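In what comes next, subunit A is part of two complexes: it sits with subunit B in the first one and with subunit C in the second one.
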Partner chain A sequence: MTERSGSPSNSHAAVSLRGISKIFDDVTAVDNVDLDIADGEFFALLGPSGCGKTTTLRMIAGLEIPSAGSLQIFGEEVGPLPPNKRPVNTVFQNYALFPHMSVEDNVAFGLRMRKVDKAETARRVAEAISLVRMGGMEARRPAQLSGGQQQRVALARALVNRPKVLLLDEPLAALDLKLRQEMQFELKQLQREVGITFVFVTHDQEEALALSDRIGVMDGGRLLQVGTPEEMYDAPVDRFVADFIGRSNFLHGTLENSTTVCLSNGDRINVPVVDSDVIAVGDAVQVSLRPERVMVCDPHEVPEGHARLQGRVATVTFLGNSIVYHVQLDWMTVVVETDHRPDLRRRAVDDDVALWWRDDAIAVVRP
Partner chain B sequence: MLIFLYAPIILLVVYSFSASRIPGQWGGFTSEWYVKLFEDPRIQRTIGVSIRVALVSTVISTMLGTMSALALERFKFRGKRVFDALLYLPIIIPDVTMAVMMLMFFTQAFDLLNLVFGIGLSKGFATIVVSHIAFNIAYVSVVVRARVAGMDATLEQAASDLYASRWQAFRYVTLPLIAPGVLGGALLAITLSLDDVVVTQFVAGPGSTTLPVYVFSLIRKGVTPTINAVSVIMLVASLILVAGSVGLQRASAARGRQQLRTTGGK
Partner chain C sequence: MSVGEAELQRDRAERRRGLFLALPSFVYMILFFALPLVIVLVYSFATRTSSGSTSLSNWNLDAYRKLGEPIVRNVVVRSIVLAVITTAICLVVAYPFAWFCAHQRPNVRNLLLVAVMIPFWTNFLVRNYAWRILLSTGGPLSSLTERIGIGETNLLFTKTAVVIGLVYAFLPFMILPLYASIDRIDGRLIEAGRDLYGSGSQTFRRIVLPLTMPGVIAGSILVFVPSMGAYVTPELLGGGKETLLGSYIVTQFLTARNWPVGASMSFVLMAVMLVSTIIYFRAGGKNL
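Right after this comes the complex of A and B.
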């Protein structure tokens, strides 16, 4: 698997996956994943539904046993251990609060199962409840709480055990938009406060970009790329990653050498240096061109030394703060997004235009 | 319509208090049949047997039925579908068939045991209990399964994520949540056990007869006011059990609705 940012080098990553696979009957849900998550990191597993991200999380939790590979938590092999023998706790997607217990009993459950003494339990439960700002609600049943409050109780119920790693399965998916944004902020704050490694699964790229220190994008059971949100956006190595995180145009071509791509229309363009471990010279590649990084100008006005594409404006869409042009080239259509500002000339349908970009504004990706 | 349904019940209750020896003839009010009933040692004995059979078979069949319901709802295993289908057989099979099956089984089994170990076993309390367990497991399992199916399996995963062992997860999470189903199943089992005539008649031995079987044998000698009285007592007992079972299910359904309302409303 490919990682632009080298995996953390300390010997005991919080979570370390080596060659982890999970096969259900004859479906390979997770396919040979290698991943290191550093201590104290806020890590997102991002991907569409069915990509294997939840299965990966459940293997870390112990709710699924890997079919192959090694899974370590702080250097300790936990592959075949049941969930109750692992130093991790999970916040489930539907929260899975016990409906027959009060908020307080829900939060105390883990400590009681581990036979922590009563005074200590009471102290830690009160602490956890106040950490998630649920004071005064101790006697309520889960059914009497709103979605956001249930979410907080689920967090408290997990954090009270002081896990080494907290796993969150689509923690915000069940909340409405406004609450989701509030909870995003709270989650991030909470993670800083408690300093525990958070691993969370989401299909929402914005959530992943906003919350995490690093993101791993999965598709079809494979981990395609791992990196910081900026790396994932600026330098995707796989078309799927470029397409899933943000939007992009893809120009087909062939990698001629580590800094040159020959596009399928015959043009040669300069590209940021391509790691030969990721894509070999001579491979078919695609060049990812973010709509907001493409400049539009009159034909022949492209600044010296930049690649250019000639085309004609096919549609103009006004979006308030920006304008989206579909520019028809003779071999493909490119989507361009420009700011809507008085100093930028607005193009009309059928205008002849040239498109250009800075060499470092694009990324070469596997098709 | 209702006359067909309730007139016999009313007649039964009324004539159980009639002073006349001939059933169906009013001879003034008396409770003498009830007194006689409780003074009759045979009836006392059979009531005792009935209650003991009902309690033992209910406890065991509730445990086994709950276990099989959990196994069928929560686990995947080889032969699950076959087991599932077989479990429902006692509900479908006619009572008489069930009775003949059990009788043959016990006869053969006892013969074999006698042959191999030289133990001379005979029909009696134990054979009745085993037969009742055999048909009750199916009913309990059906009732409990409905409840287990309605319970979110991630709750058990959450318990185990929070350091609960399998047993603790069952004890503190699963059992409290399926308890209304288990109790409902137990009440159904106790009712079926107290009411059963056909199967019990085949597998009962000398000296261990249940109340319904004894009443049935009395009828062959003609209907007496005592039988009326016994019937009324059995009717009342059944009604109480059924009312209890319905009440439990109502209560748990109401709780479920309330939960839906409070979560849905916010």
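Right after this comes the complex of A and C.
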């Protein structure tokens, strides 16, 4: 597996996956995943539906048993343990609150199952309920709560057990946009307050970028790349990652040496140093060019020492704070996004333009 | 005419149409259900003359008083015990099966549910006679136990045979509501229970069982009620050795020619069933 950055070498990673696979009948849902999640980290597993992120989370929770590999939580092998024998708790998608119990009984459930004494249970339940600001709602049934309130109860029900790792399966997906943004903020705040490792699964790249310390992007059961949100955006190593997190243009080419790519139109461009462990010299590659990092100018005004592409404006779309141009080159179309400012010249359809970029604004990715 | 008025008028017309469509079933139910019931009620207050006919005068509560007599009380108690045993066995047998059904692929589960209903395709009486053959001395069951070495069994005309017959007859009524309520449980609730440190049995007791309670109660009523009043099975498989409520009522009408007592017992039986059904809906209403 190619993990480009950020794997803590710490032997007591909160969660550590080594060669983890899960095969259902004849479908490989998770394919040989290696991953270390550090203690206290807010980690996102990001990917489209069916990419294996939820199955990975469920294996950490103990709701699925891995077909192969080793799974450790704080150095203890937990692969075959049932969920009730693991120091983790889950906030389920749609929360899975027990409909026949009050908020208080829901929150107390885990402690009662573990036979924590009554006074201690009452104290911790009250504490958890106030932590998620649900005081006064103790006697309500889940059906009497709004989506956001149910979400909070689900958090309290998990956190009251003081798990070593909290797992969250699409925690915000069931909420409407405004509430989702509010809860994002609260979730982040909460994680800082309790200091517990959070691992959450999402298909929403914005959510992953906004919330997490590090992100792992999955596709087709494989973990493609792990890194901080900035690393994932600035230096994707895989076309899927570059495309899934933000938008990008992809120029086809071949890696000539660790800092040069020969584009398919024959131009040679400088690129940030490519790690030979990830992409070998001579491989077919693509160069990811973010729309907002491409500069537009008149054909002969490209500053000295920069790669350039010549083209003609095909469409102009005004978006308020920005303008999006589709620029037709003779071998492809490039999408460019520029600020909408009085000091920037606005281009019109059929204008001849040149495109250029700083060498460090692009990334070389596996096709 | 204002818009509001038009709306009101259309609502009224729609209600009238609904009533009109429902009329045939109303008439049918009144004619063949409500009216006979009233007749039964009326007869239960009548007097049996010495010749065995029923005099529709002289209204009294004698028939109800008779229910307090030890013989009748024994019949009632025996019937209740038998119905409770039958219900309990059905519950224990049906729950795992319903659970299994609910967790199969859709086509497999449909096949299983059809299988549950197959017995209904054969006449009830015929099936009871089949059990007579199965359970009789020298019958298939007996030869099987003999071959295994347990010795000959003779279950026919025992209480056990009656229970076997009743469980067989009413098991589908337990399976179907249980299946429906188990199928409705969100699997994530069970996972949540396990995730929150519940063992398998704790999760079952604290989450699955309470959530399937409506099915348990519905199934129990559907089995208990007909078991209480069962007539054919106790007669054919129990040999009428011990009188149960169903046989007792029949005897009152046909043999003893004491219609008021038969009527009062029928009515009390119905009242008991009605009350348990109401209890069910109350309990179900709270949970759903």
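The definition used in the following text is that the second predicted complex is superposed on the first by the 366 of 367 C-alpha atoms of A that agree within 3 Å, B and C clash if a C-alpha of one lies under 4 Å from a C-alpha of the other, contacts with A are read in each partner's own complex, and residues count from 1 in each chain.
Here, contacts are C-beta pairs under 8 Å (C-beta built on N, C-alpha and C of every residue); 3 or more make two chains touch, one makes a residue touch a chain.
Small disclaimer: the values here were computed from a predicted structure and weren't measured.
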Subunit B and subunit C placed together on subunit A: clash or fit? clash
Message = One more residue to check, A:G110. First (subunit B), second (subunit C), both or neither?
response = both
*asked:* For A:A61 in the superposed arrangement: first (subunit B), second (subunit C), both or neither?
replied: both
*May I ask you to decide whether A:S130 touches subunit B, subunit C, both, or neither, giving the answer as first, second, both or neither?*
neither
(Q) On the A-aligned overlay, A:S146 touches which partner chain: subunit B = first, subunit C = second, or both, or neither? (A) first
Overlap of the subunit B and subunit C interfaces on subunit A comprises residues 61-63, 82-84, 88-90, 92, 94, 96-100, 109-110, 113-114, 157-158, 161
Listed in rising order, subunit C residues that touch subunit A in their complex are 186, 188-189, 191-199, 202, 206-207, 210-211, 287
Within their complex, subunit B touches subunit A through residues 152, 154-155, 157-165, 168, 172-173, 176-177, 258-259, 262-263, 266
Given the complex, residues on subunit A that touch subunit C span 61-63, 82-84, 88-90, 92-94, 96-100, 109-110, 113-114, 157-158, 161
Residue set of subunit A touching subunit B in the complex reads 61-63, 82-84, 88-90, 92, 94, 96-100, 109-110, 113-114, 143-147, 157-158, 161
